[in-house]
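Listed next: structures, encoded as structure tokens.
In the two assemblies presented below, subunit A is common to both, partnered first by subunit B and then by subunit C.
Now for the complex of A and B:
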């Protein structure tokens, strides 16, 4: 980062504990143009356009790196399309994270576990239901859709129960952020151990050994029908959340609470009810994400932890508290993760996503769509 | 008591004497003999009363708890002193363990070279390995600190968690570095010649004959002494620096950055310094872990064992209190080990519900420790021992309960 040391105190503003009411970063940015060309370049790099250009540049560099090795362009295109699909699944988790982060102001480390529970709940429901015929080109039958519909409220209620038992008490004690973070880390291990106890440490598949042929799309892109379904469903759910947040009373109350809980309370909003609905909503979205992730790969108890970091990366890329940002951020993370597989050991996918997140945090801590200073 | 027991008692006595030196509050001229007498008496009693198996279990338990105590002390110097929310302890621990292993091991030769790969093997002595582990872990902490410590504390938690994952992924996938997914086997043990048949060449004959009753499996006794000495040195050093002006400046940064900066403290630099100190200590813990378990692999450095447990230890013991960090490590490692017995005990009960449940009882331990953490967070967030608010090298260690007010 080409930043002269003069700006350090203002930069520290990004480290202040209460982001929502902190405008030092904002000021630093407003003042920037007055301090010569170096400052202007810094401000440009920190702007949304600058960061997007940087992300595209990283994409392009990756493309070149991938092209330098014997990887066909159409394979890269396929990977990019797969990345969009993965992004769709991640987005469901990221939006939940961003809602919780916005309303309750702490990073929920147990969100990955909620995703995993969603996948396993769907698995349990499908084990009970009779196996129906395949629906059109998809690999699943109606029982998967039924399982999805059951899993979403179940995980929503699990999230709500956790809040009632742990986080509400911490809120009433006005606990420090670290206690929330620790409690959610503990919850992540608690929920995961629950999965181990109930379903055991082995892999599970929704459909053991069922073939899932890929469709040939134009430009030689090979995609499974399931993946298209996942993307469509993810986008539909995101749209639903968007409508909920902008058109309904509860959604508006959520946004108001995220903005300023005290003010929301003064205006007669029952913040506890808002928080409860936030948990139910983000739990349900996590469950949908988990079930859909399970459609394309195996279920393992650790899957939640693997997905947690990319989801956080998406949330932070997009800007905390912004569902639209979470969608865009998750898409970017998904695409980068998949495309890095063209020239790097696929195991490093999460690492790449994560490094991108750190770059974003340094250049623009408020994310692509976040409010300045947040 | 036979000679073997006397030898063991001497080894067990040394850590006990170190504890005694801390607990007995007398003038040093009296404290040293008192601690020595008490430590030795307790050690003799322990060795004489306990069956061999249980004694060996207790010693291994103390070694692991001691290594965790070092991790917990390292975390305390980051979180307790300066307020860094480091969720990436596993990363520094892994770097320390692998670095010291690579420095002390020899390159695989012959047939083994086909199966085991490592970047280098320098066959250095143990202490050089520890030093290398500390330096490399500190260096990595420094490199991480520069970009990451500018972040808000919750972002720092996410970032460090991710960095630890990246480090673990690197050790898992880079076969050339440290045998990748396969464990790195045969880490040499320091002073292992004490328990071998032709004893160390440099030992005087009388000592060598005195040590002959010890068999290979009794290596844990001398290793306990090594770990105890490391814990003691790090504890004393941390106590010293947390009472120094530097330590107070760190706490000022933690409490209120703006006023620390206003008083002329270089906040950014202080934050980096304390992060590096913590990283160094965690690296040393890794260097001690390798020789104890002999073979290490990436899977030892999962967030559960290497990050989560350490946080539970420090939270229970008391953030900001070095004694608390050590106490918490022993209690939580005791709970963790104890839940293994508990899980065994309730296995028959679980098998009444389902056979699957019984075979999964090990995972109950996670659940119990997670519940314990939630209880600490809810009911005892400040831990068992609280931080001393007023510290200085020039004040008496424990202030009287009520500080007499000077009349103005």
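Now for the complex of A and C:
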């Protein structure tokens, strides 16, 4: 995979030059051999593989700097598995962010608040349902699954309502994109205040004092059954989003609207409907992420804000606008955050993730799977 | 009664008036070509006809329907399709997905039949149906764009500068296809820089200048008109 230009379509060089060719990065790589070794190395460093290698190298360099304490492979493996799970939860938020950015072209700063509302909605539903027995090895009963099923459409509708009240008006006035971003920041505060008003500033737990024993997996990896459930559900939802985007009419319409909104209208797509469904889908995914996060952590009104940052980091690392990139980016952020706990105070985990994000922004601003300039 | 009737429209962007009192008509089965110098308002007229811009005054009818206030997706439902001059394919989507989106309002079964029809017209698209449209050459992109617009089997096809940026050989090929498409009963309204060639294949033509109607008539008589020739055909 390290050969430059290996993912170039075979006939790209053969076709007539096209005026809108914006894939300058790949072209630069293709032309590199003619421009000498220095240029070639630069091109390699900026390529997808180069950036990944560098990210991994920096990570290990930090580990060495941190003293390279002898860490048991067992612990590293466990942390890596936890990282994948955190990544799965983050990915549900990152994919929503990237879909909204793709279709509406603004960063939705209130996305974290949607995650938090999802967690609190699930909490509210569980509070009114009778507490059932535990399901198998999991710490939760059927009422959690019911809460998940309720929270997803509820938050989807909250997201849609916010669009109707704020963003659609801005669209109708052809407002500048920065106003959308500012409005979403305001909305983040508004929604968080709503959580304070309804549920108060105290921490909440889905279950008080329930034991949640860890399972012993092969290679001495210790994880809770709940965490495996979270990972499985997150991956299942990501797969569903992928199928939705590639197989269904609405999914193709979403991709078309993200690609070129005016052409989408010209092709007979009602872009307002596409936008509405994008909000519902993103809201539902955020709610699932929030509810799943609540299973392993306490709920607090600020949780949305703290989750927003790593979700954004994942989106940016993967390339904003690319759902696959959001998944991969969120996984990297999750794994790095958890694994850095092997050699650093866990409180610094997010910082390591952000250092990697900054490295990415310097070397390959379009992210792993993004288009240059996009 | 004409199929499309643009009835003395005045429109523009924000508060800049581009078109003043412009009227054109397209009859069923016709190729109508609009020519004129740069900045004459040709593309703006196309956008107004397609609902991307609404007339400030005047009206636009398709068949017996007033479409002056329709959105593009409502106009597509009336089977009038439009190929913009630039950015006319979804670059991140495959050829096949581009065509399927052209037939967005169709049933699955109809989409397959429509795709076959387009592949028959542009066989190269079938070979390349899995390729991303953004990686194709200019001529092939134009085929994808026209193919997408043909998915709905339109009664009227709007083409904005179909020959822009293409080599002379490809221009001939695209013009040839336009005649073929027209022969299947699709009326065509096109805007062209390539005035001579487009009038040669058109039935009727309009000359637009400074956002106003200047000349109109049978394509042949426009080609032979010495004043049109001197001012707009470079002869």
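The working rule: the second predicted complex is superposed on the first by the 328 of 374 C-alpha atoms of A that agree within 3 Å, B and C clash if a C-alpha of one lies under 4 Å from a C-alpha of the other, contacts with A are read in each partner's own complex, and residues count from 1 in each chain.
Going forward, a residue touches a chain if its C-beta (ideal position, glycine included) is under 8 Å from a C-beta of that chain, and two chains touch if they have at least 3 such contacts.
Values in this document were obtained by computation on a predicted structure and should not be read as measured data.
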item	value
Touched partner set for A:169, first subunit B, second subunit C, both or neither	first
Contacts of A:298 with subunit B and subunit C, given as first, second, both or neither	neither
Subunit B versus subunit C as contact partner of A:259, first or second or both or neither	second
Which superposed partner A:106 touches (first subunit B, second subunit C, both, neither)	first
Touched partner set for A:269, first subunit B, second subunit C, both or neither	second
Contacts of A:248 with subunit B and subunit C, given as first, second, both or neither	neither
Touch count on subunit A, higher of subunit B and subunit C	B
Shared contact residues on subunit A - subunit B and subunit C	9, 11-12, 15-17, 19
Touching residues on subunit A, where the partner in the complex is subunit C	9, 11-12, 15-23, 249, 252-253, 255-256, 258-260, 262-271, 371
Subunit A-facing residues of subunit C, complex	50, 52, 71-73, 76-77, 81-82, 84, 86-93, 97, 100-102, 104-105, 131-132, 134-141, 148, 152, 165, 167
Complex contact set, residues of subunit A against subunit B	1, 8-9, 11-12, 14-17, 19, 106-107, 109, 166, 169-170, 175-179, 181-183, 185-187, 189-190, 192-194, 196-197, 200-201, 305, 309, 312-313, 316, 345, 347-348, 350-351, 354-355, 357-358, 361-362, 365
Of all residues in subunit B, those that touch subunit A in their complex	79, 85, 87, 147-148, 150-155, 157-159, 161-163, 165-166, 169-170, 172-173, 257, 261, 267-268, 303-304, 308, 311-312, 315, 356-357, 359-360, 363-364, 366-367, 369-371, 373-374, 377-378, 381
